[in-house]
Structures are given as structure tokens and as C-alpha cells.
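Note that subunit A is present in both complexes that follow, paired respectively with subunit B and with subunit C.
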Partner chain A sequence: MSDTHAESVAYVRETFVGEQPPPAQETGALIWLRKNLFSNWFYSILTLLALYVIYVLLSGFLPWLLGGVWDASSIRECREIAGEGAAGGCFAVLSERWNQLLFGFSYPSEAYWRPTLALVLLAVAAAPVLFPKVPRALLIVTLIYPFAAYYLIWGGTILISVMALLGVIVGYIVYSRLVDRGFALGFFAGVAAAIIVWQIGGFIAAAAPNVLALTEIPSRDMGGFMLNLILGVVCVSLSLPIGIVLALGRQSSLPIIKWICVVFIEFIRGVPLITLLFVANVVLAYFLPPGTNFDLILRVIIMITMFASAYIAEVIRGGLAALPRGQYEGAESLGLDYAQSMRLIILPQALKISIPGIVNVAVGLFKDTTLVSIISMFDLVGMIRGPILASQDWNGVYWELYGFAAFLFFIVCYGISQYSQWLERQLATDHR
Partner chain B sequence: MSMTEEMQVDTSKMKVSDEVAIRIEGMNKWYGQFHVLRDIDLTVYRGERIVICGPSGSGKSTLIRCINALEEHQKGKIEVDGTVLSSDLKQIDKIRSEVGMCFQHFNLFPHLTILENCTLAPIWVRKTPKRDAEKTAMHFLEKVKIPDQAHKYPGQLSGGQQQRVAIARSLCMRPRIMLFDEPTSALDPEMIKEVLDTMIELAEEGMTMLCVTHEMGFARQVANRVIFMDQGQIVEQNEPEEFFKNPKSERTKLFLSQILGH
Partner chain C sequence: MKKTVFLGALAATGLMAGAAAAQTLEDVQSRGTLNCGVTTGLVGFAAPNANGEWEGFDVALCRAVAAAVLGDPTAVEFVPTTGKTRFTALASGEIDMLARNTTWTFSRDNDLKFEFTGINYYDGQGFMVPKGLGVTSAKDLDGATVCVQTGTTTELNLADFFRKNNISYEPVPIETNAEAQQQYLAGACDAYTTDASGLAATRATFEAPADHVILPEIISKEPLGPLVRHGDNEWGDIVRWTLNALIAAEELGVSSANVSDMASAAGDSPEINRLLGTEGNLGEMIGLESDWAVQAISAGGNYGELFEKNIGENTPIGLARGLNAQWTEGGLLYSPPFR
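On to the complex of A and B.
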């Protein structure tokens, strides 16, 4: 190789380049507009077209919403107030039937404060579960909440709730005493202890029905959006733990447990929810011994929970499958037993992966609670379809009522979705 | 390899006692129809540093994974610290808590900080109070020279650092035996040395070690016995000096010529 060439091939850097800031970005509203909306003639046409469509939609929607009538006693009065050919909607139906939409038509109006208080308490009880920064001491509220909410919404003597809570506590104490001698022993002894306490508590509550009693309100009087919220909250919070157990059971090395879980999941997933609801409503009564009065809401809760937990189990199975084998081995090699490695290592990671799927099921489940209107329960949609639209006064006010229902469901579902995205950001520790 | 010359190994405390740490007798393992391990007989004395090498698929990883029951063997006997491995889960968990293991891909828990990775098993398996467990963890993190990373997550560390954390995590359980399954195979060349240095330090303190590795420099300097495996069997074992200078079997000669030849 000639000397002249060698000079250009061999190279040694003598000074290193320091860190420099990136070049300034082009910013400003006009530049943004030109870049994103009017970058060439085709996009410009599309932008103008889109603007026109938005204008048409809003010019119909805004007068309807803003020019609406909020104070009237029937659709005819609405039309009179608005005048001939007016575009405003008849929102008076919402203000006049407000309580019916929220609580159903037979929930006693003097007791409206009870479910409202239960809803407020729900926020307190859910906070420590949903947000890690909330003090752990509030978990005691979470423990008591289901029993308090039952007492508030259904009424009756407070002894029912107290005894139910007592049964859970006694069961847990028995379990934690015996669990060292084997999980199965502790589990079944705990369940047995809880059942004994519940039986005794049932007698006590029946003997003293007036201790701190609120007016008893039967399940058939529940309705409106309250019913959707009860079903949604109870079923989501039950189906998540059941789904986890099913997902782990499906991976079990014990064939009996595995096959029970597989059969349950595949069967429940293969049947439409509405079929299960009809079973809950009609068929279940044939199989139960005569005289057992099995609350309709309870039957519906069982069916929706089974349905949702089968779906959640499959979502979590996906999360479990996504974990590398090394995580199981890492946990095993340290001597963690099955329960510890699941609780501390595997599930926290698998659940994090499954969050979008679980939220998907939860949102779907919440909206599916409107299906109970088909088995003649008067939830929000049931109220609208039945008593309100069928009445002389409000026959024909479709848009306002269904729009309102859509709006309520949207708020809740969008809230769940936003929460889940926040949670995913909080849990991001893998820095991929 | 190239690092051989740089290693300074203090052999003063490396003593092999007569006490048996691991005894394997007539052990066989199958994956379905495939016979992975065939008639393995191996006795490891306390304080031994054994390097196991061999071509891929020779069963060397499977062998050490059988010792802490990550893999089940179908025939023969494995005795660790006087306890015979059986299908009794409690017994297996006890053996695992006394045998440390480091993996090729570290297997740190990505959702926990470095410190939590190290304190998890002492707290839950040994029931150590949290404060004590953290003290022990910091002690071992200092030993592997990354105490300042304690509150980061594994994903924020380099491969070499992660493997050193994995070693510290095992040490927090105060194991009497350490198993290494290709601890440097997934690392960049620049990071291999820091991990090997940590392992040498451990050997210098008299830890019983079984190490599957292709780091022949490490084998020469640290091991007191090198085992060569092929087709699921132990083909040759000897002191490192003899093993590398005068390999007896043709298969060993071929293997050594291939990994040392370039």
C-alpha cells in the first residue's frame, strides 16, 4: 500500500466531542397547521371536508342540547314551551324522572340517601385498593364496606351484616392458625368455621330483627342506574380473584384441578351471557329445593360473575404465558414455595401484563349489566324501555333518554380506562 | 482465554475437606424418550470448585439443575448436604434455600428493586426481619461492588451488574453450595471479567461451587477439578493442569482443540 493511502486509512481521534443540545424544533401554530393539515392539496381538501362534516354535526347537535326544555311535565308540554318547529330536545324527562332513572320506580324515596351514602363510601373503600399512595389503614374500610353497603342498600337489622362480617373474620383466624399444617386443612376448616358462625348469626339476626334496623327493601325494588352499579361493582370485584384462581388452576399439575378449571372456563365462555341470565331467572328455580327463596339479584350476580371470571381467567393465562420460564426458576431456586412465588413474583408481573385485557372485560361486563332488562329487571335501560317510555307523558322521548344512558355509562367506562392507563404507567419498571 | 494472565487468585483459603457436600449415584434423566443424563456418578466435597464443560446438548446444565430439583431425575440418587432429594416439596424447598443458583439470563425479578430482589427470599423463606435482611443485602451488594444501585430496578443495570446482583441475591440466603449455569454466556466481553472476579472472590472464601462455563481461564485458575461431559455422560475429569495439558480421551482432545484453537 502506498504512503499517501495509509495516511487516509489510519486514524486516531484526539479530541472527543462533548454532549450537545439537539437542534431547535420548528414550533408555532401556523407551522403545525401547515405540517399536519395542509401539507399538500389533497390533505387540504380532506381537512376542509372534515371541517364541513363537523360543522353539520354540531349545527344539529348544539341547538338540540343548548335549546332544550328542562322544565315540563310531559312531552306535549315540552313542545308547547319550545314552540312550533323548535330544534331543542325535551330534557324535562330527565329532571322529572331523575330519581326513577337512578333508583328505579319502587325504591322508597325517603331511603334515597342510603344508596347515595353507599356510593360515597365506595370511593373511600376503593381508594386504598386502587391507589398505592393512600394509607394502608383505610383497608379496614375496604374490609367492612361490603357488609356496610348491604346494610345500607337492603336495610333490615344490622345484625345480619355484623354476623356476616364476624363469620369472615372467624374463618380467617381459623385459617391462619391452621395453614401452617397444610393449605387444604386451613382452607376447609376456615370455611367450615365461617359457615357455623353464619348459621348461628342467622338465628340471632332472625330472633332480633329490630336491632338498629333500617326499613327493609326487597331486591325486586332495586332499579335504575343503582342496579347497574351494584351488579357492576360486585361482579368485577368477585370475578377478578375467581379469574386468578381459575387461571392458576388451569396451569396446575394436578389433573383433577386442571380439568375442572378447563371445563368450567370452556363451558361458560361457550354460552351467551343472556342464556345464563335466563337460566338464573327461570331455570334455576326448578333445580332448587322447594321453599328456598333465592334472591334474584344474587342469582344474576352469580351468573355474571361466572361469565366474567371465565374471560378474566383466559386474559390472565395470557399474562402467565408471557412470563419467561426463568422467572419461575428464579423464584424456585431461592426456595420460595408455590404460594409465595405466585403471590410475590409471578402474579404481580402477569397481572401487570394483563391489565389492558382485564379492563376490557371489566368495561364489557359493566355494560352487559344492562342485559338484565331483558329478564324484567328495571335497571337504567329497563326503566327507560319500560315505565318511562311506556308512560302517556313521555312516549317518544328516545334521544334524550338513551343519550343520557349512554352518557352515564361512558363516564364510568372512560374513567375505568383512564385509571388503567395511569396504573400501567405507575407499574412500568422494566425500562424497555 | 485472554483473561488468564490477569487473574490473581489467592488460594490460601481454598481447602477441600473430606465432608461430602453433594453425592450423586447412578443418576439418569429422560426428556420424554430422550435420554439426557446417563449413569452420572459424582461426589463433591465441601470447598471444591468444579467446572463442568462440554459441547452444547451434553447435559451439563441439566446436571446442575437436577441438584436443586429444578429438573426431576427419574433414576438414581442425589444427596445434597445429607438430604436425599425426593418428591417431598418441603424438603425440596429446604434444599433450594441452601443451594444458591445463578442463571445465564440472571432471572432477576424486574418488578422489584435490586434491594427487594435481595431481601425477598430471606424475608419470606427464612422469616428474617426486614431490617436485618436489608442489612445483609447491603453487605453483599457492597461485596459485589454495586451498593449505589440498590434502589434501581434490574432493567436499569448493565448485564454484568445484573449478574452480580443475581450472585448477591443468592448469597443473601447464606448458601453452603453455589451453582452457576453459564453465568457469563449472555454478557458482553467487557463485562465478563467483573462477574468472574466476583466468582473468584467467592471461591477464595472457600465456597463450594459447581460451575458450567466455557471460561477456560477461570477453570485453570480457580477450579480444583474440571469435568468434561458429552452425550449425557461424564467423559473425563481431572485436575485442571492435567486436564488441559494431557487430556486422555479423544473426545476431550477434539473439544479442547476446538475451543482453545482460535
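On to the complex of A and C.
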């Protein structure tokens, strides 16, 4: 401002006034309450109503939770301890049967450390895949993990796992040597090499069954929440790559591949999961010769994986369809071949779009694993419905047991959903 | 065309299963364990305890058969089955016998091609009412509301009973036994009807079981028994006569406490001697060791002992013997003679 106008204005402020705190009447908890909860008569009524509902729920729930009986040997003893008309729950069933709820009733108790260790290792193995900031060197743990987990949970000689891993490594080496001469040649030669190693490894493992052997535990002894976790983790991690392949196959221009994928996806999506589980449990038993016992968990894993991969394929196809045509053309104009353009341009974008859908399928799938209780496997819900509620001691304890099951499932599912939201924020490179 | 091939394969597998089934005894002996189908859990009849060992009335029968065949009551692989998987498990050869409170009916015996080898529990549909209602007979239930599971024979039996007696009722449909417990206790219905053993098990979970009575009328026949596949009569005989041995043992006064004494030397009673193998060659006739019945009885006791231990009046379930008493005491248990 020039001096010429200095006399035409009475006062010119030359610095900003610092931010002032709001006036005393406009701050504090009371104002917050008035603004948010009691701004008019209708909201006031709603607030009071909500408070009353919360009070009613808590006044029932808290005495039940806090006044519960944790040390008793049967529901009758629980009631005796709690006394006449007491509101406390009978949590003694959890303290007596926690191991059955977590591991099933026939998993040997001296081996509980094995699945526990496998779960801890799972966190280590999953970290480099889930979080980009974790050192890449940990990926070697991820590679070894499936074989280590099998060894820990099922037991037997360590040679089985070592040979299986060796087969994968040999197969990969053969593949990478030959892939220059064509993908199909490399792929099939790699698979053949792996199968040869597995055959030889099978003989070696059978010949030396005691090398670093853990007690062998058959599949039918698996149960409890451990079984839900095994099924959930294995099936989700298998169905993701299979789903990607199916989604790409469905968009393929080769009619055979396209139609195989379409028929597979549509057939699986047209059949309820429980039907597939019955097929796994019941129908296959008719076709296998008597005496052969094709592992039940394996059968169930195959069925659930097929089911989940069909759904994931459709989710990813949605992501692929959402990409503008220009992305595909741009990739081609750069001279990238099919594999490169998919790996570098298309899939990173399509998968990012698909994250919410994939997580949705994963959460649903994890909860669907409780369906195996219907084909007489003792997962968490199967343990509750069958053995525990059928024991003379605990028949009649419903809320405590199902509440515990809901609590365990909530922890896992909420964790998955929080992770996916975090991942979406990490990958948010567009302007939304 | 495809269908024919499929059916042919199915038939061929069935034949193979049938051929294999004709030698169940050898299979069990060479395997060293008996594969016995049980429920995934039913109070008093089959459930694993806190240590993971199976216990119950049906389980005890599996153990008795294993003891008779293999001499070891623990040589049993229990295969839990649900109501939907039990028959396929048996038909496919996954299990050697099914002891899973299964009602013996014409169609199961003939259409499904199974052989029931006896009855180990005579069940039937009954009613439970609160004592405060002052009802002593089901015929007093005129105008009552009755909780009943939908889609079961229970529902049909209930309608038949009330029509026959020319009295009225109002059904309260429920889905599961757990729901029934809640509804009944909440007073949504005056009476709850299901199998009498189920009523007793349900009553045992109440806070005040003594406030509820199970009415004397039993309105349907539910004979529960073990079953095996058609086509292997030798194996069926073994299961049948193991059950009979347990029943006869109670009638003859042979129990787990005195069976080893009685089996050490021939006694005065020829039938006991034949049963315990100190006289005659019954074991040889059935293809087992001569002490097969001794093993079966010492596995868990005679029929009466098993009943008392698992579902009898001193257990929380507290079932009276009723129809399941020996014929000499007014019940229906009647083992053919051992000779």
C-alpha cells in the first residue's frame, strides 16, 4: 500500500492476528454434547433412547461376563457355585475344554506346541507378502513355510517335507533353464522334473521313516479352531493364484481355454458349497476302492479351493473389465508380450481394484469353513455342537460356547478387513 | 450313453464293495481295529470326554464287539457320522458297523440294504410338562400348546395321537432341540415332545429338573439298534450275538465283577458255561475265540451295567429301565438262548 493513501484510511493492520481459542461458552464437553447429541428435541429423544438401550444391554451382559464361574466340572456344579438366580455365565466349560475347542478332541496334548508354532511361523511367513516394508530376505521363509507347516502339524519324518521342497526347487530350475526355448516346454519339463524328484523322494522317505520324525498325527485327529485356520489359510492362498489364472483364461482369445474356464466357473458358482462338501465326503467314498482312504482334509481343501477360486476369478474379472481399453493397447504399443503386459501393466491395476472383493470372498470363505461340521468333521462349531454339548457335563451351555466361537472368528475376520483397508490406502495412487 | 457308463461304474463299485463286505471279520482282524460309526455327539449315547475318549451307551456296544473280535475293547476307531452321512459311511465300507441310535424301520432294512442286528434301546416319543401344570397323563393335554420339531416323524406321530384321542392341541413349531429348550423354559408351550431319551437328556440340563415330569404315555415305537451291511451274515451274527451276550449276561447274573471268576471254571449253570466258553464250542461256531463273550462282558459290563453307567437313574439323564428291562422284569429285552 502506497503512502499516498496513508491519510485516507484510519488504520491499517500490518500483521495477522494469531488464532484465538473459541469463547468459553462455545467449548468443552457440554457444548459438544449439545451440538452432537441434543441439538433439537428429536435428537435428544433418540440420544436418551440409545443410552437406555446401551444400559439394558450392558446391565445384562456385564454381570453375565464378570460374574461368570470359571472353575467347575459340570453345568450343575456351575449353578451350585453361582447360587440361586445368579446371572453369571458358566465359563468353566471354556477352562475345561479350551484345548478341545482350539485343537479338537483327539489331537495329542503333548503336541499342542506344534500347531501353535506353525501359527507363529505363519505370521513371519506372511509378513513379507502382506507388508512391503518387511525385508525381502524373509521371502525365503515364505517359500519354506508350507513344507515346514505340514511337517509340524502332521508330523512324520522331515524327509517328506524336504523332498517335496526339493521337487519344487528342481522343477523351478529346470523351468528357468528351458523357458527361453518356449514357455510350454519349460513348464512341462519343470513339472516332469518335479514329479520325478517327488517319486524318488517318496521312496527315500518311506525307507527312512525315522529321520527327525515327529509323532505322526492323522488328519481325522485335526479339529477345533485349528482346523478352521488350516482350511481358511490353505484355501485362500491357493484360490488366489488359481482365481487369477481362471479370470485371465476367461478373457483368453483361445476358445478351448476360454470355454474350460467359463464352464468351470459357472458350474462351481451354480452349486452350493455344502453340496461340494457332501461330494467330497460321501460320493467319493463310493468311487474309491474299499480300503483306500484318500485324506478327508485334502478332499475338503480341494473342494473349498475350487469354490473360492471360482468366486475370486469373477471378482478379478470385474477388475480387469474396469480397466480402460487404452491400458491394454498402451501395453501392446510398448511391444510387451502377453505375459509382460499382464504382469507389468494390467494385473497390478486390476488387482488393486479387486482388493475389496477379494477380501470379501476371503472373509466369507473363512466363515464357510464351519460348514465342514455338517460332514462330521470337528471344527470349532462341530466341537461345540457335537462332543461338548453332548457330554452329560456341559449339555445346556449355549451362550458361553457360541460366544467364544464368535469372538475367535471376529478377531480373525476383523483383522483381515482392517488389513485390506490399510492396503487400499497404501495403494491409493489415483485422485479420489 | 454317458449316464449308462456312470451307472455301470456305480454298480461295479457297489459289487466290489459287496464282495469285500463278505469278509468283514477277516478285514477287522487283519486291520487290528474295528471301525465303528457313532454320532457326532448325543448325550449319554456317544460323546468324547474331556480327555478325548469316547463314552456312552452306543460306544459301549462298539467296545464290546471289538473285545469279542479282537480281545481289546480299546481297539476301536470311532468314525463320527451325522444323520446325513451315516448310511453312506456304512454302505461304502468306511465303517464295519453303525451304532448310532438308528431306528429300525422297514425301508432302512430293505430299501437301503442294511441288516439290523438287534435292538439295544427301545425308545419312543413322549411328552414333558412342568410339574406345576398338574398333568399326569398325556390324555389330559386337551387344548395344550405343544413344542414339536418340524419336518420329523415326531410331528406326524403327535397329530395322530391327538386325533385318535379326540382332543385338540396347538403345535409350536421349532427347529432344533436347543431352540426347544429355550422355548419350553420360556413358557412358549405347555408341553415338549420328542423321543423319551431326548426328553430325559434335555430335562437333565434344566436348572431345576425336578420341576418337570415326563408323562408315562409313549406314542410311537423307536427301536434303536446297531446295523451292518447286507451280504455278510457271519459278521452280522457276530454283532447280533455280542449284543445278545450282554443281554443274556444280565439275565443270568454275569457281570463285569464276577465274569472272570465264573469263566475260570465250569459252574453249575450249563447256559452260563456255554456262554462263557467253559462248556461247548459256541465260540468256534461263530468264528471267534471261546472266550469271546467273556471279553465282551468284561469290556464294560453286561447290558444292565452299561445302562446304569451311561443313561441310568444315577446319571444326570436318569432314564428308568422301562421297556428296556429284562423280560423277566416286565421289559422287552429277551435274548435267544445260548445253546
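Everything below uses one rule, namely that the second predicted complex is superposed on the first by the 394 of 432 C-alpha atoms of A that agree within 3 Å, B and C clash if a C-alpha of one lies under 4 Å from a C-alpha of the other, contacts with A are read in each partner's own complex, and residues count from 1 in each chain.
Note that a contact is a pair of C-beta atoms (placed from the backbone, for glycine too) under 8 Å apart; a residue touches a chain by one contact, two chains touch by 3 or more.
Values in this document were obtained by computation on a predicted structure and should not be read as measured data.
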item: Touched partner set for A:374, first subunit B, second subunit C, both or neither; value: second
item: Partner chain in contact with A:295 - subunit B first, subunit C second, else both or neither; value: neither
item: Touched partner set for A:216, first subunit B, second subunit C, both or neither; value: neither
item: Between subunit B and subunit C, more extensive residue contact with subunit A; value: C
item: First, second, both or neither for A:336, with subunit B first and subunit C second; value: first
item: Subunit B residues touching subunit A - in the complex, by the definition given at the top; value: 68, 70, 89, 93-101, 103, 105-111, 120-121, 124-125, 153, 155-156, 169-170, 173
item: Touching residues on subunit C, where the partner in the complex is subunit A; value: 9-10, 13-14, 16-17, 20-21, 39-44, 46-50, 52, 79-82, 84-85, 88-89, 91-94, 178, 181, 201, 204-207, 315-317
item: Residues of subunit A touching subunit C in the complex; value: 74-76, 79, 96-97, 100, 105-106, 278, 281-282, 285-287, 289-291, 373-376, 378, 382, 385-392, 395-396, 398
item: In the complex, subunit A residues that touch subunit B; value: 324, 326-327, 329-338, 340, 344-345, 348-349, 352, 427, 429-432
